[in-house]
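All remarks here apply to the structure that follows.
Chains here go by letter, A, B, C, D and E, matching the order in which they are written, and residues are numbered from 1 within each.
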Amino acid sequence: MKSGSRLERLLWAGHFVVTAELGPPKGPDVAAVERKMSLLAGACDAVNVTDNQTAIVRLSSAATCALLHQHGIEPVMQMTCRDRNRLAMQSDIFGAVALGVRNLLCLSGDHQKFGNHPSAKNVYDLDSIQMIQMVKRLRDEGLTAGGDPVEGAVPLFIGGAANPFGDPFEMRVIRLAKKVAAGADFIQTQCVFDLPRFKEWMRRVVDLGLHEKVAILAGVMPLKSAGAGRYINANVPGITVPEAIIERLSRAGRGAKAREEGMRLCAETIQELRTIAGVRGVHIMAVEWEEAIRPIAEMAGLLPRPEPPEVAP
Amino acid sequence: MNPMPGRPRGVIVLGAAPEALCAVRELAALGYAVAWLPLEEAQAPAALPPNVAIYPAAELVGLGGYAGAFCAQVRRGEAIECLPGAAVLIALGNARCYPQERYGLPLGPRVLTPPQARQRLKDRTLEALLSHRKAHFLVMLDWGGETSRETAVEALHTARALRQNHAEVTLFYRDLKVDSAPLERLTRRMREEGVVFCRYIEVEVRFEEGGVHIAAPDGLVRGDMLILPEAVQPHPATLPLAALLKLRVGKDGYFQEVNVRQVRPGLTNRKGIYVAGRCHMDADREAALEDVSHVVASLDAFLHSLDEPPSGPTAEVERDRCIRCLTCVRTCPHAAAEVVEREGITAAYVEKAACWGCGICAAHCPVQAIALKGQAVPSWLAPTAQGVSIR
Amino acid sequence: MSDRPRAAVIGGGIAGIAASLNLAQRGIGVILIEREAQLGGNASTVCCKAVGGVCQHCGGCLFRDHLRALERAEGVSVFLQTHVERVERREGRLALLCERAQGEALSFEVPAVILATGFDHISPLAKGPYGYGLLPHVITGRDLEALLQGRGRTACNELPLGKVAFIQCVGSRDEHNGRGYCSQVCCRYALRLARVLQESRPEAEIAFFKMDLQTSGRDMAETWAAARGAFRIVAGMPALLERGAEGKVAFRYEEVLTGRQIRESFDLVVLATGIQPRADAALLAEQFGLNQDPSGFFATAPDGVSTLVPGVFAAGCCQAPRSIAESIAHAHQAAQACVLYLGGRA
Amino acid sequence: MIVAERKPMVEILASIQGVSRLLVVGCETCVAVCLAGGAKEVAVLSAALRLALRERTSAVEILERSVERQCEEEFNAPLAEDIAKVEAVLSMACGVGVQTLAEQFPDAIIYPALNTQFMGRPEAPGIWAERCLGCGDCVLGRFGGICPITRCSKSLLNGPCGGSSNGRCEVDPEHLECAWQLIYDRLARLGQLERLYAIEPPKDWRSAHDGGPRRTTREDLRL
Amino acid sequence: MSMAQRLLVLACSRSAGEALAALEATGQTLPPDVTWVNLPCGGSVDVLHILRALEAGAEKVWVLACYEGACESLEGNRWAEKRVQWVQALLQEIGLGPERVVFRAISPTMAADLKAWLEEE
């Protein structure tokens, strides 16, 4: 047991976990956070809190995680390498742990060109794999990146991201192996639309036995309309929504009917993912559509969420 | 008659097409010492004039020097030899292919190309078809936009040969190629010999019950076999050779950009290097050989003119001011500029014999170290900076 | 100059000048004899047909290039307003007895002669009643060339350009009038001119009436690619041109493929006249002892340049119809044959 | 080499506002090679400035000079007399040349005419691309001769990131190849793919500008 | 400065130069306030030539070179046009009219067109 976090204990107990994503508001609007929390409570086991997603300035991930923790929802703090050097990363991690955060997702982070401050200077002192290694050293050796002892324990369940659909395909598995070697405990993948390619990636992961060393959560994203699918293909690097899905959404009509179809499609994807060997859970990314998470979980037969066993860390 | 009163002159001929052999003979007849590199396996021709040296297995690895004093680096086995030559004549010919995607029809027992048909005529394998009853051959020209003159003329001759072997022949065409006297006479004689000429805009070809059906404007025509002309394409060695010799290639992949001042005298973008025959034009065999003799005439005239100083202006580099930025080397369309070590200075040097006097380098040089000698520009327009360049 | 082997070139058109330049550059003294008062011949009447800033490779500008080169060349003496009266063979050499404008006699003795006497345009009256000279707005390609060269591209604006008909093979491929050959150049210059018209007057509807449109050659690739989409090409030849309504020209033609008879009227008709041997070709042939091929051009050996009289060569359109660029190439070929011939007995 | 590009004319004109006696100084090394600041460019810029200023102010005197290398005081020294005669100096050298003049002639007002951009090479005539960030601790040996620090938009040492698709970098797919795709292809070709399996430790940035402006000292060349 | 003030023509001698020669052969002469400079090829037209001319007071500068596909140096005309475009952009930047510098393709047989252009100017 590495962190004693709810997510870790559920996985430890062998449950198929469900995590969701919460995008903090573009300012200190606590009410907005609470509104989203009420939508997610009970619909999932843990909630990822994004860190200035697509380089757009938002309420900090650590603060939002603290709010979630106070309201009894298990947060998964996300941290990118874009905005902080190794000093700021470690002090923010200490702060989060102090406020009750037990799960951390280490990301490289989107380039500032995509956000609302394209003229900003980026940092990228470390990359996501070096960050995983640093956090592992904080937790298991109690030493900072500079080598000084840490005053207090840093019980964190360390997560990494993975994009089975990026190029070069052969590098994707090598990189996952590096993240596992660096100390990742769980992996949340990019949202899966191209199931055959995801299965191919999972087959190679299982071949290398990585699925036993790390819990792999498959990412899924409900689409509000065919237009959303085309937008992703055009603007979001690293994800391609197959034409078949876009066709299905446009056939479903517009507005509510399209959203309904989007959710059902997402639920079907989840059921398909559950059948793939080595997939230990799903990570539902409903960007600015947190309302969809409960119905999707419902339709996918994932509710009610189980209680994890009480195990001392 | 010694071509050049003073200097012995050699010419390097590249290529193995019939044009190359014709060029070798014409150059030898003018008294040139010819170094012939077929660059591909070619059956050695019967008798070669004495002053011709053939290097069958040689590979061209580079060309140094300039017009009047080229040096072809040739590898034979291990050794690299330098063959001197005052000029280079390229006669690679072209390559043939069956344009399946353009015709949308694979070759097969019912579909032949003219060379295949002539071959089968020669080795009598069409007898079965020809003998017992009237065989009917359908020859299709201009299909799928195929416009090569060389293969269209070959198809006409094939159609006539089949007709002369007592087969019924129908020739489908959009625009008959008649733009030379022999072709007009040929089509007239073919009509007299009974070849049916059928003009079309759109046709549909179907294969049924062992026959070929062509739905032409004036009704359905049934035949035993369909003959489709081959297409021509640039010789495969064109691009690598063009890169090796820094020569320009047109958008269609043949030697020479299509330029009204260069196309016919067989000029390339480099002085002293010429192209002849089907490697730079679409021509049937006779026109290709005629092209060779006219290019040899241009080449011979050029080499004569090398005895006097170049007439027009040429670029000259103030080599001590050159900063070796390679701009002139990269922008010169005629590969006349090089950074070389001469008289102890490594700097750009423009070879007078290779320079066309276009002035592109002079206008580009970032330190104005190149001027066109012999270019009359009024002083107040002179580009040099008014100030002092402190070196 | 006197020690150089010498040759004479009859005709100061593009072929004559090209041949003279080639011979002179190769150390052969050239006597260039031109009947008219200035050099140029037909090639100097060809206008520039560049369209959209891109040259259509018609060769019209090549004449001035050669004229400039001729001025720089040494070893070419040009005799204008001079023509050959009589030719005599003296021990393998040719004596040319010539006459200048004011009746002054001249004679040259040379081992070799290149005939480059060019061609005449076929008269537009040579075929079918096409009403040239009778009906308004019926002109020849040659007229259009002269108009564009003489008054520039703006002249297009004065042409009655609604519907234009280019009628091909006017005089060419006409067996019973002794012209059973294709003149090669008319399809090409007509297509190029049509694109020039279209560039100045995009509203013009241009149609071509043809038997077989000759469009092969790398220098025609761009022109034909553009023309194929832009112009209506009809496989059918008009028989009779008549006066139509409002000063238009009307004619009936049979569409070969469909057999339909169609009557249509046009604002402008351009007759693409071809190339025929010069009127005095027979006289010249007789003077030099050559014979003419069935169509009247000088007959040559298979190499296309050597006539049956040793030392007498033919270059350019006097031997067969060809374009300006082809005439230049043919002239070099004739020069090559001449040099090889002289090589034997300078 | 150092690659630079002339500033927009509007910016140059703004910087020399109200100046009537100006010295334009070129440099005939790096910036001349990339056709930005050589003698020719000095002449062109000066002519352009005269044309522009003639419309606005009356007599405008522009001296045109060009030196071998503007980052060497010995080559700049002969400019002293001209600099004394003018109100401002427009340097067409890279940033180093501009500052050398400023240090060497403390009373002169020195304006840059170029934007110094990067250390790079010409990928094609008229196109220059960055190749080296000057991080002071070269890693090229470990990545098949392709620098991830400079050519990866995120300087990842354990790349590629999720945004690499068909060999292009998400930040500028039209112009930027993904450095890690290049590294992967090159190492695969050299048969050294296993180099990518090991985790690259965090970089010690002290050797780069993060450790403060750097100096290189060669004691063997100093007495 | 020995240059007519109104118009300076930087001409490729092979095309524009020949057209002018043909024009002058018909007795036509250049207007007095036009200065004509024959250069061996459009490629030798230097950006600085144009700027010097404008500096020396020329109101308009013409650069005449061959049509695409007719330049003996293959790229002389392309460089001439590119350099004119560059100067036009520069003039735009410094607030002068880019129309003061004009590139035109011409061929030796276009004497009549040259005459028309000169009259229009």
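We take it that a residue touches a chain if its C-beta (ideal position, glycine included) is under 8 Å from a C-beta of that chain, and two chains touch if they have at least 3 such contacts.
Since we're looking at a predicted model, the values are computed, not measured.
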Contact distance in steps, from chain A to chain C: 3
Steps needed, at minimum, to go from chain B to chain E via contacts: 1
Interface ranked first by C-beta contact pairs: B-C
Most widely separated chain from chain D, with each centre as the mean of CA atoms: C
Furthest chain, CA centroid comparison against chain A: C
Centre-most chain, if every chain is reduced to its averaged C-alpha atoms: B
Inter-centroid spacing, chain E versus chain A (mean Cα positions, whole Å): 65
Rounded Å distance, chain C centre to chain D centre (Cα mean): 60
Averaged-CA centre spacing for the pair chain E and chain C, given as whole angstrom: 32
Sites on chain B at which at least two other chains make contact: 258-261, 331, 364, 383
Chain D, residues touching no fewer than two other chains: 40, 43
Pairs of chains satisfying the touch condition: A-D, B-C, B-D, B-E, C-E, D-E
Residues of chain D touching chain E in the complex: 8-10, 13, 40, 43-44, 47-52, 55
Chain A - residues contacting chain D, complex: 81-82, 86, 108-111, 113, 122, 124-130, 133-134, 145, 161, 163, 166-168, 170-171, 174-175, 177-178, 181-182, 190, 237-238, 240
Chain A-facing residues of chain D, complex: 153-167, 170-171, 173, 178, 180-181, 184-185, 196-197, 199-202, 205
Contact set on chain D toward chain B in their complex: 28-29, 32-35, 38-43, 46, 63-68, 75, 78-79, 125
Residue ranges of chain E touching chain D (in the complex, touch as defined): 47-48, 51-52, 54-55, 90-91, 93-96
